[in-house]
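Both complexes shown next keep chain A, but they swap its partner, so chain B is in the first and chain C is in the second.
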Partner chain A sequence: MIALLRSGFSARRSRHGLWGGPLVIVVALLVILTLGTDQFATRENLFNLVAQAMPLFIAAIGQMFVILVGGLDLSIGSVISFSTAILSLDGPAVVLIPAVFLLAGLVGLINGLVITRLNVHPIIATLAMQYILLGITRFLRPVSGGEIPQVVIAAVQGSVFGVPLPLFWGLIAIGLAAKILYGSRFGLHLFGIGGGVAAGMEDAARTYGIRVDRNIVLAYVTCSLFAALAGAFLAGRIVSGDPNVGLLFELDAITAVAIGGTQLSGGVGSLHGTVLGAIVMVLLANGMNMANVSPFVQTAIKGGLLLAIVGLQSRKKMGL
Partner chain B sequence: MFDGEPACLIEMQSISKAFGHSKVLRNVTLSLRSGSVHALMGENGAGKSTLMKILAGVHRSDNGRILKDGKLLQLSSPREALAAGISTVFQEHSLLPNLTIAENMFLGREPLKRGGGLDRRRMRAETAAALAELGLKLEPDQLVSTLTIAERQFVEIAHGIKADASVLILDEPTAALNAADVEVLNRSIRQLRAEGRAIVYISHRMDEIFDICDEVTVLKDGQYVGTRAIKDVTPNGLIAMMVGRELSDLFPARTASIGKPVLELAGFCATPKARPFDLTLHQGEILGLAGLEGQGQQRIMRALIGRYLPAGGTLRLYGQTLKFPGAANGIRAMARLGLGFVPEDRKDEGLMLGLSVAANLVIALHAEQPAFARAKGMKAVVQRMTDALRIKTASPTTPVASLSGGNQQKVLLGRYLARDVKILMIEEPTRGVDIGAKSEIYALLRDFAKAGGAVLVTSRETVELIGLCDRLAVIHGDTVVAELPAASATEHSILAAALTAEGVAA
Partner chain C sequence: MANVLSHPIWRRLAAVPPAYYVFGLLLLTLWLARPNMLNPNVLGIFVRQVVPLGILVLGQLLVMRVRSIDLSGGGVILLINYIITSRTFPEASGLTFVIMALAIGGAVGLLNGYMVAKRRVSAVIVTLAVSIILVGLVQFLSSGKPPGDVPKYMNQIFDIKYGPLPLPVLFWLACTGVMWLVMQQSVYGRYVEAVGESAEAAAFSGVPVERTVVMAHVLAGLIAAVAALVQTGSIAVGSVRVGLDLPILAVAATILGGVVFGRGEGGVWGPFFGVLSFALLFVVMTVFGIDEPGKLIAQGLIILMAAILYGWRSKRG
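Presenting the complex of A and B:
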C-alpha cells in the first residue's frame, strides 16, 4: 500500500504516471470543503456530485485509451451530443439504445481507420469528425427537445436502497475499464504501442507481432463507446436531446486525463489517475460554485491547475 | 570439414540475395554445429546481417537452400524460423521502456488464462526462470526503463533464448557492453554451448571472437571467403581474410612535426575529489585519452565543451584563457573558437538521421548564420566533402539513416571539417564501423592533423588509440596518471600505468 502510494509520486518504477499530485489535491479539497462549508458533506450534495460527475468520468476513461497509444480524440463532445439526439428520436428504446452504441462504434471505427490507414494526424481526423457529427446532430435536433426512453431516465435518476444508480454505473465503468486495461492482451498492447511511439521506436511493437493498427482502431472504438455511454447518461439527466450538451466535453476529458498523470505522448498513464483527475475537476467546480466564484474565474483556474500539474509531470523526470 | 566433430545442425548452401540491382550475397555457405559458437565476420556491408536475416526468416534468399538436420527448411517469416528453433537477438534495441521485463518477454505471445485475461503469474514465473538461467538478478516486474543498457542487452538475449531454440543468432551483442558485462555474457554463451545449442556470434571486436568462438566464417563483399577453426587463425590472419591486409596497415604513419600548443589545461579538476592535472594538445598532434573504461575520459572531454561542469581549472585556447566553470565554454562559444566535438553516439547525439547527407554536412555552417538568414544549399561544400571523405551515398539528398555506419561517421566528421575547425574532439571515432572504413577514418584524422589541426580522441579500443595517436594520456579516477608516447605504448603498459597510479581517488 505504502509502496503503491509512493509510486504515485515518483513514477520511476511504474508506468502509471504521477497520480500522487491529484490524490493530494482530492484529499485537500475534501477536507477544505467538509470543514469550510455545511452543504458539502451532506448526503444530497455528495450523491448529486456523483451523478453530475459521471459523464466526465466515463468520457475521460474513454479518452485515456486513445491517449495511451499517443492519440487524441476531439470528436467525443460531438459523440455525446449526437447520442442524446439519437435517444430523443421517436422510436422504441430497444432500437434507440443499441443504435446509439452501434453508431458510436462506427464513429470510432472511422476515426481509427482514417488515422491508421490514411495516416491523418489524430487531432485533424477527430476534429473533422467533431464538425461532421456536430452538423448531423444539429440537423437531427436543431434545438434541445424530444423525449428520452423511460428506461434510460430510470437508470440515471433511480436509486436502490437509497443509493443512486449512477454510483453503480460509475463503478461498473471503472471495473470494465480496469479489466480491459490491466487484465487483457489489448490493454497491454496499448501500453506497448504507446511506449514505442513515445520512445521513437514505432516498429518495435510490430516486430513483436502486435497488430498495431488494429489495436489503435480498437482504442478509438473503445473511446467512442465510452463517450456514447456518457451521452446516454447525460440524456437521462437532462431528459431531452440537446445538440450542445457535449460542447467542449472533449477538452474537459483531456484535462482530467492529463491531471491524472497520463502522458499525452503515450504509454504512461493509469485508470486510477484518470479517475482522480476527473474527481479533482468535479470537486473544484463544486467547491468554487459554493464559494460563489465567478464561472469565468473558474475556467481560468482550471487552466492554471492543468498547467501547474502537468508542468510537474515531465516524462524525462520519470525516466520513461 | 573438421574430422571427428559433430555433424552440422544447420547448413545454408549457396545462398544468394539481391536487393534491386545490388547483389548482397553471392553463393554463400554457412554450416553451424550443435554445441559450437560460430563467429561470422566481415566488414559492414559484407552481407553478415543479410545472411542472418535470411536464417531468421526476415528476408528470403533468391536461391540456395537451408537444411536443418539434413531436412530442407522453408523460412518465409520470423514466426516460421522461431518454430524451426531459430531465435535471433538483433542489433537494434527493441525492448519497450514502459513495459516490465516480463511483459517485454511475452509481448505478442502472452499466455492467457481460461477466461481470456492475461496470465501474469505465468509470465512472471517463466521470466524469472529465464533471467535466472542467465544469472541475472532482476525482477520480472521491473520496468525496462529502470535497467542499464547492459541489463537491457541481457534481457534482449533472455528474450532470444527460447527454451526450444536450438540455434541462437547474436548480432553484435556486445556493442553496448563494457568488459565486465562481456564476461557475464560470455559465461552465458558458454553455458548455451554446453547445452548443445548452435550459436552465431557477430562482432567487430577481435578479442571477443578469440575468447568465445570455436569457428569463424569470413564474408567479403557478399562472398564466402572461408571457414576456419579459431585455434588455426590469428587476429592478423583474420583481418587479412576480411580486407586483404594486416592490422598494422590500418593506421597511417605518424606525423613528424608537432607544432605549438593549441589547447592547454591547467589545474583541471574533473570532480571535486579528483586530483588536478595539466594537459597540453599541440598543433599537428593526435592525443588519446586512454585507460580503463569509464575512468573519466568522457567527462574530461565533455567538460571542455561545457557539457560537464568541472570543479576547477583553466583552459587556454590559442593563448586565450577561459575559466571553469563558465559560460564562455559552452558548445557554441567553443565552436566559434574553432573547436569541433564529435559525440560517441552518432545516432542520438550526432546525426539527424532523418535528414539528408547534405543537410547533416552543412548544418554546422548554418549554425553560424543568424537564425533568419537565407539557408543556402551549399552544394559545392557538400560535393567537396563527399569527395574528400569518400562518402558512399546514392545522392546528397539520401537520408543519412540509410548509410552504413562508416559512412555515417564520415558525414559526422565532414560536418566539422566543412567548417574548418582547428581542434577536433572525437569520442569513439570508429564505433560500429567496419575495418575498411576504420582505416579511412584514421587516415582522415591523420590528414587533418598534418594540415595543422589537433585531435583529442577517446576510445574503448586501446589498440586503436595506440595505432592512431601520437601521444596517450592515461586517465584513471578522473585525472591524468601518465603520459606515454603512443609509438612505444602497449596495452600492457597502459594498463600498468593506470593501475599503479598512486594518490588517486579511484
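Presenting the complex of A and C:
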C-alpha cells in the first residue's frame, strides 16, 4: 500500500502515472469545502454529489481505456445523448435497455474498425461519429421529452437502507473496470500497445504477439459501453430523453482522465487516478455552485483547466 | 479487377480531390431537380452565405498541412461578433474593430501555436479548450442573451454587388488567390509543405519546424478574425450562437478538398471547391426538405468518407 502510494508521487516513470497530485488536490478540496461552507459536509449534499458525479465517473473510466492505447473518443457525448433518446422511446424496458448497450457497442465497433482497418486518425473518426450520432439523436428526439422506463428511474433514484443506489453503481463500475484493466489479459495488452505508441513505435506490441488491432477495437467498444451506462444513468436522473444532455461530456471526461495522471499519448495511466480525477472535477463543480459562480464561467474554467493539465503533459509527437 | 483499377487513368482520377466530384454531382442533382435555381443571381446569394466558411477554410488548410488542426475558430468568431454588436465600445470606428479583431485572432493563434508546437499538446484538445473558454466568456458577458445590432455600414458593405457577383464572394476569391500565391511562391509555403511531408526530415534539412507550425496557427487565427468580420456583416443582429459550427465544417471542407494532415494534393483550390460543395449541399438539402438532423449526419458522413478515402490510399501507397 505504501509502495503504491509512493509510486503515485515518484517522478520515476511508473505505469500508473502521477496520480498523487490529484489525491492531494482531492484532500485539499475536501478540507477547503468542509471548513469553508457549512452545506458541504452534510449527508444530503454528499449523497447528492455521488449521484451527480456518477455519469462523469463512468464516462471517464470508459474514456481511460481508449486513452491508454493512445487514442481519444470524442463521440461519447453523443453516445450519452443517444442512449437517453433510445431509453425515452415507446417500448418495453426489456427491449430498450439491451438495445441501448447493443447500439452503443456497435458505435464503438464502427469507431474501432474505421480507426484500425481503414487507417483513419482516431480524432477524425470519432469526431465524424459525434456528428452522425448527434444527427440521429436529434432525429429520434428533436427536443427533450418522452418517458424513461420505471426500472431505470428506480435504479438511479432509489436507495437501500438509506444509502442511495448510485453509490453501489459507482462501486460496481469501478470493480468492473478494475477487473478489466488489472485482472485480464486485455487490460495488460492495452498498456503494452499504448506504451509502444507513446514511444513512437506503433509496432512494438505486435512484435510481442499482441493482437494490436483487435485490442484497440475492443477498447473503443468498452468506452462506448461505459458511455451508454453513463447515458442510462443520466436518463434516470433527468427522467426524459434529451438530445443535448451529453454535449461537451467528452471534454469533461478527457479532463478528468488527464487530471488523474493518465498520459494522453498512451501507455501510462491508472484507474485510481481516473477516479480521483473525476472526483476533482465534481468537487470543483460543487464548490463553484456553492460559491454561486455563473455556469458560463464554470465552463470557461473547465476549459482552462483542461488546457493547463494537457500543457503539463509532454510528449514527442507534434500536431493532432 | 485489380488490373483495371491500377490503370494510369483510374489512378489519375482517384488522385483528384473528392470535392470536385461532389461539386459536379450536386450541380447535376440541382440541375435535374430545380433547373430554375441555376441562375447567377440565386447561386450568388447562396455562395455569399458560405464566404465566412470559405475564408476560415484558408486557415484550416494551412494548419492541416502541418499536421495540426484548429477548432478554435468558433470561439474567435463568437467573441469578435460579441465585441462588435454589444456596443461595449460605442465610439469605435470600423477600422478600430478590424484592428481589435485581428489582435484577438492573432493572440488566440499565438496561444494555439505555442501550445501545439512548443508544448507538444494535442492540437484538438488545445483548440477545443480555447474555444470553450471563449464561448464561456462570451456567454457570461452577455448572460446568454443576444447582444445588440450589427453596425449598418457592415451590412451595407456585405450587400455590395458588381453585376451578379457579390463583393464578399470577390473578396473570398482574392483571399484564396493570395493564399495560393503564398503556398506556391513563398519560402514559407515551401516550409509548410516540408513540415507536412515529414517534420523529422524537415528538421534535419534546416527547416524551422516549430516556428513554421506556430506561424501557421497565428495565420489561422488572423484568418478566423477576418472570417468573423465577414460573418458579422452577414447578419443584422448579434447572436451568442453565431459561427459555432463553422470550424467543423471547415475541417470537413478541407478534407473534402484533398488536404489531410500533411498531405496536400488538393492545394488551395480543392478546399475552395469543398466549400462550394457545402454551399450546394445546403441548397440541395433545403430543396429536398432535409432539416438539421440530416445536415449533421451529412457533415459527419462527409468527414468520415473523405478520411476513409485518404486512409485507404495512404495505406495502399
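Criterion: the second predicted complex is superposed on the first by the 298 of 320 C-alpha atoms of A that agree within 3 Å, B and C clash if a C-alpha of one lies under 4 Å from a C-alpha of the other, contacts with A are read in each partner's own complex, and residues count from 1 in each chain.
As a working rule, a residue touches a chain if its C-beta (ideal position, glycine included) is under 8 Å from a C-beta of that chain, and two chains touch if they have at least 3 such contacts.
Please read all numbers here as calculations on a predicted model, not as lab measurements.
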First (chain B), second (chain C), both or neither touched by A:237: neither
Greater chain A contact set [chain C / chain B]: C
Partner chain(s) touched by A:272 [first = chain B, second = chain C, both, neither]: neither
Chain B versus chain C as contact partner of A:201, first or second or both or neither: first
First, second, both or neither for A:307, with chain B first and chain C second: second
Residues of chain A contacting chain B in one complex and chain C in the other: 319-320
Chain A - residues contacting chain C, complex: 72, 74, 114, 118-121, 123-125, 127-139, 142, 248, 251, 254, 264, 294, 296-304, 306-307, 310-311, 313-320
Residues of chain A touching chain B in the complex: 12-15, 179, 183-185, 188-189, 191-192, 194-196, 198-199, 201, 204-205, 207-210, 267-268, 319-320
Parts of chain C lying in touch with chain A, wherever the complex brings them together: 66-69, 115-117, 119-126, 128-137, 139-140, 144, 199, 209-210, 213, 248, 251, 255, 261, 292-301, 303-304, 307-308, 311-312, 314-315
Contact set on chain B toward chain A in their complex: 78-79, 93-99, 103, 107-110, 112, 116-118, 142-143, 145-146
